[in-house]
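Both complexes below contain chain A, partnered by chain B and then by chain C.
Now for the complex of A and B:
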């Protein structure tokens, strides 16, 4: 299942020149751009691992592209995203965030029913990739495809 | 160009590129004329900048007719005595390269050893990369670059910064231009111990010392910039001052002249305050001979 998180996620994956152009826009708005990665793609997982500190004082997208490439090289099988933080008073939040890398195979999510007090049914969403211990998630397509069928 | 393959080759054999139009489009005359007007002397430097500008223009024209043009290496080394205008020219260089479309943003990041070299193991690489990232799209100006290399301490972290710098200078030529600056002998010495730098720097530009006439016009330009002027007597005093000051140690060309002017302004202020308490617009503007002649240079 193709994960749709962040801006542009319903479009085809952005190419590097397109990413650079978006970053260029962020820098023009004087937002601080940062690179993050994760192996836990749950929609409510806000805090991804930071790839270095947010990059302040940049004037050109080349520096960000360099970090994106480095992050991809170090985590070729994980999700990588770019976030742009606006420090303007009153905003003080992430203004733009989009994926710049996704794993080759995205197994998707399963719906879990949990019986709570009084036979109430509660639902939880859980990524199939979480069945693997951290460090082995999204490693090879054989592993990640095998996992969901065991779960059922 | 939308035509492809052999058609391009045939088409471009006869194609003529209007260099003048290209030049006008880049709006190059303005910054170069500014350079001529604002900077006194420095003839070899200006000549070199004109050459570089022409070269980049031709590189662009070659691209237009479909000839191969590798991005030219534009890393430079500015050598010269203190106060000969290295930093000033670097600033303008960023502007010129930007107008020529060689660098994308045209800002100048000026750093020294402290900004590049860390204080403990593992501190240098992130620090240097951080600076390089900030400079991308513009010009990285490394003042007194030879301090990066400390031959007396072989475990000095400066070497690490040099290696990262060299790597980026080689691989990301289109992303930034590195300008090294410093005194001639020490830069020479630095290149001898780091041959990698010499081969990656295409332009070695030497800044000559100013002669007495040029120093005088610098004094006048500086005074005019802050809306002061030298009275005729003060001008003579300044000529004397320059002649004497040049003989003294630690003479720093234009910088010494600027400092002398600053001190003359202080003395002028004292003189006006000590006077009868009224000062015309004329008096507020004029530096008199006595303001300059009171300098320590004349007493020794």
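Now for the complex of A and C:
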């Protein structure tokens, strides 16, 4: 399956020049760009690991691209996203957020159902990848298991 | 407009309160020198006086009948601080392109100020009982339309405002930087719960964020509400697992009584729905109650504007939809249908822009071309997400993004469900078209002129989009709007 979180997930994976163009757009809006990664792609997992702080003072897309590449290199198997934060009054929130890396294989989610009173069903969405302990998710068995990355 | 000599306020109290019938203007409802207070509530009406009625007297009558006056002098006025409670018409302007020499009878814009103490805090019902109450049936005016209002911060702060708002809605859904996508289940009437849920699942799995009950889907013999809720939530959860994305279905909780609405809303919450919906026809008080419930229960509240065109469409009588937008933001809904510009329902582009501005801005300046006659500071009330629905399709994506911006729900009902390759393909076509257009816009491309090319390029690798463009590419609804601007922007030499 293909996880469709993020603004551009229905398009073919963005190339680096395409990513740089989106970063430039964010910088033109004076938004702070940040890079985050995760091995837990549950739709309600809000807090991905931060690859450093949001780059408040960086006004150059090339610098952001460098951080994206570094994050990918440290976490080659995981999801990586770029988010842009707008501190304008009345917004003070994320304004754009899109994936810049996804695992080669996405095993997807299992929907668990527990029948409750009446015809009600209690649902739980569980990522198959979470059946593996942290550090081993999204890796093939042949790959050496390294220690989980800690960001910068 | 200049005062007619016989329409000035009678200064002498003894003469003013002599029993009998005198013009409203002379009672004190016309005060051309009135200094508007920061806390005043302002209203602007389009007045068509009866033949022979002076426009100033007509405006004063509207002020009178929407505040303290009755048809005759009453001495009991003198037991009150009646000067304060009297609404004051303070400005009357002829409406451009009406009156002698035109095909429309003379109309006037009447500006009226109301003291804040005339209204109960936090009650749309109380506000509207005055402003659009008896006065609309008053004989001295042939037709009357409420065009705009200014709500002072002092009064706005007595309202909750949108239960969730655009910012928190996006954070909860984890969806940023693009319009949200929805569709209304069709056929709107007749599907069983099980078949209905099928449409919901297909559309959500295919790429939509939301599916929606239609306004008249409540609890009918062919599908009772609990059955619909259960099947829809099966579809929502299944689609979430299939995509890894948060999905929703607006479960319509509209019912005959508040008790039934609360019961339905509670069940929707129990099933884990992120959003419920209500119809405008449930009434202002019921809307405010549901908004309080939604805030208390972390629920997004969608409002379908069923019924508004009965009073907002015709230009001479009723009220402008922008006032409904203001009241609904105060009442506390999170979503409101506000026009598509390019779709099948009424909506002049300039007017629709004014509605969107009213729903989404923190501060809206005066803009006569967009029908905004007053500035409006929204005093940090949450923003309402406008919804564009009715006769729109993927081939219009560049126009929709250009006209409506990214904080909007685009609802493609027929444009999803009527897709020749099926509902999932219809949803995918819309989502791909949308993301391709946002990507291109952010890259700095001129989507207004390059839009069709951007869509064609995406259709090269996305067959569902290609099929959508082949089916609907040329469909437009090009009719003249009835509700249009009275003022057009004029070029100013710099």
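One rule holds for everything that comes next: the second predicted complex is superposed on the first by the 134 of 152 C-alpha atoms of A that agree within 3 Å, B and C clash if a C-alpha of one lies under 4 Å from a C-alpha of the other, contacts with A are read in each partner's own complex, and residues count from 1 in each chain.
In the analysis below, a contact is a pair of C-beta atoms (placed from the backbone, for glycine too) under 8 Å apart; a residue touches a chain by one contact, two chains touch by 3 or more.
Given the structure is predicted, the values throughout are model-derived calculations rather than measurements.
Superposition model on chain A: chain B and chain C are shown accommodated side by side without a clash. When the shared chain is aligned, no partner comes close enough to touch A:74: not chain B, not chain C. In the superposition on chain A, A:50 makes contact with neither chain B nor chain C. Shared-chain residue A:22: touches chain C; no touch with chain B.
Ranked by how many residues of chain A each touches, chain B and chain C are led by C.
When the shared chain is aligned, chain C comes close enough to touch A:90, but chain B does not. In the superposition on chain A, A:63 contacts chain B only, with no contact to chain C.
For the pair chain B and chain C, the least inter-chain C-alpha distance in the overlaid model is 16 Å. On chain A, the surface touched by chain B in one complex and the surface touched by chain C in the other have no residue in common. Listed in rising order, the residues of chain C touching chain A in the complex are 167, 170-171, 174-178, 207, 226, 230, 233-234, 237-238, 240-246, 270-272, 362, 380, 383, 428, 431-432, 435-436, 438-439, 442-444, 458, 461. Considering their complex, residues 52, 55, 57-64, 66-67 of chain A touch chain B. Put simply, chain B touches chain A in their complex at residues 104-105, 107, 126, 132-134, 136-138, 172, 175-176.
On the chain A side of its complex with chain C, the touching residues are 1, 3-5, 7-12, 14, 18, 21-22, 25, 41-44, 46, 83-84, 89-98, 108-111, 119-121, 123, 125, 127.
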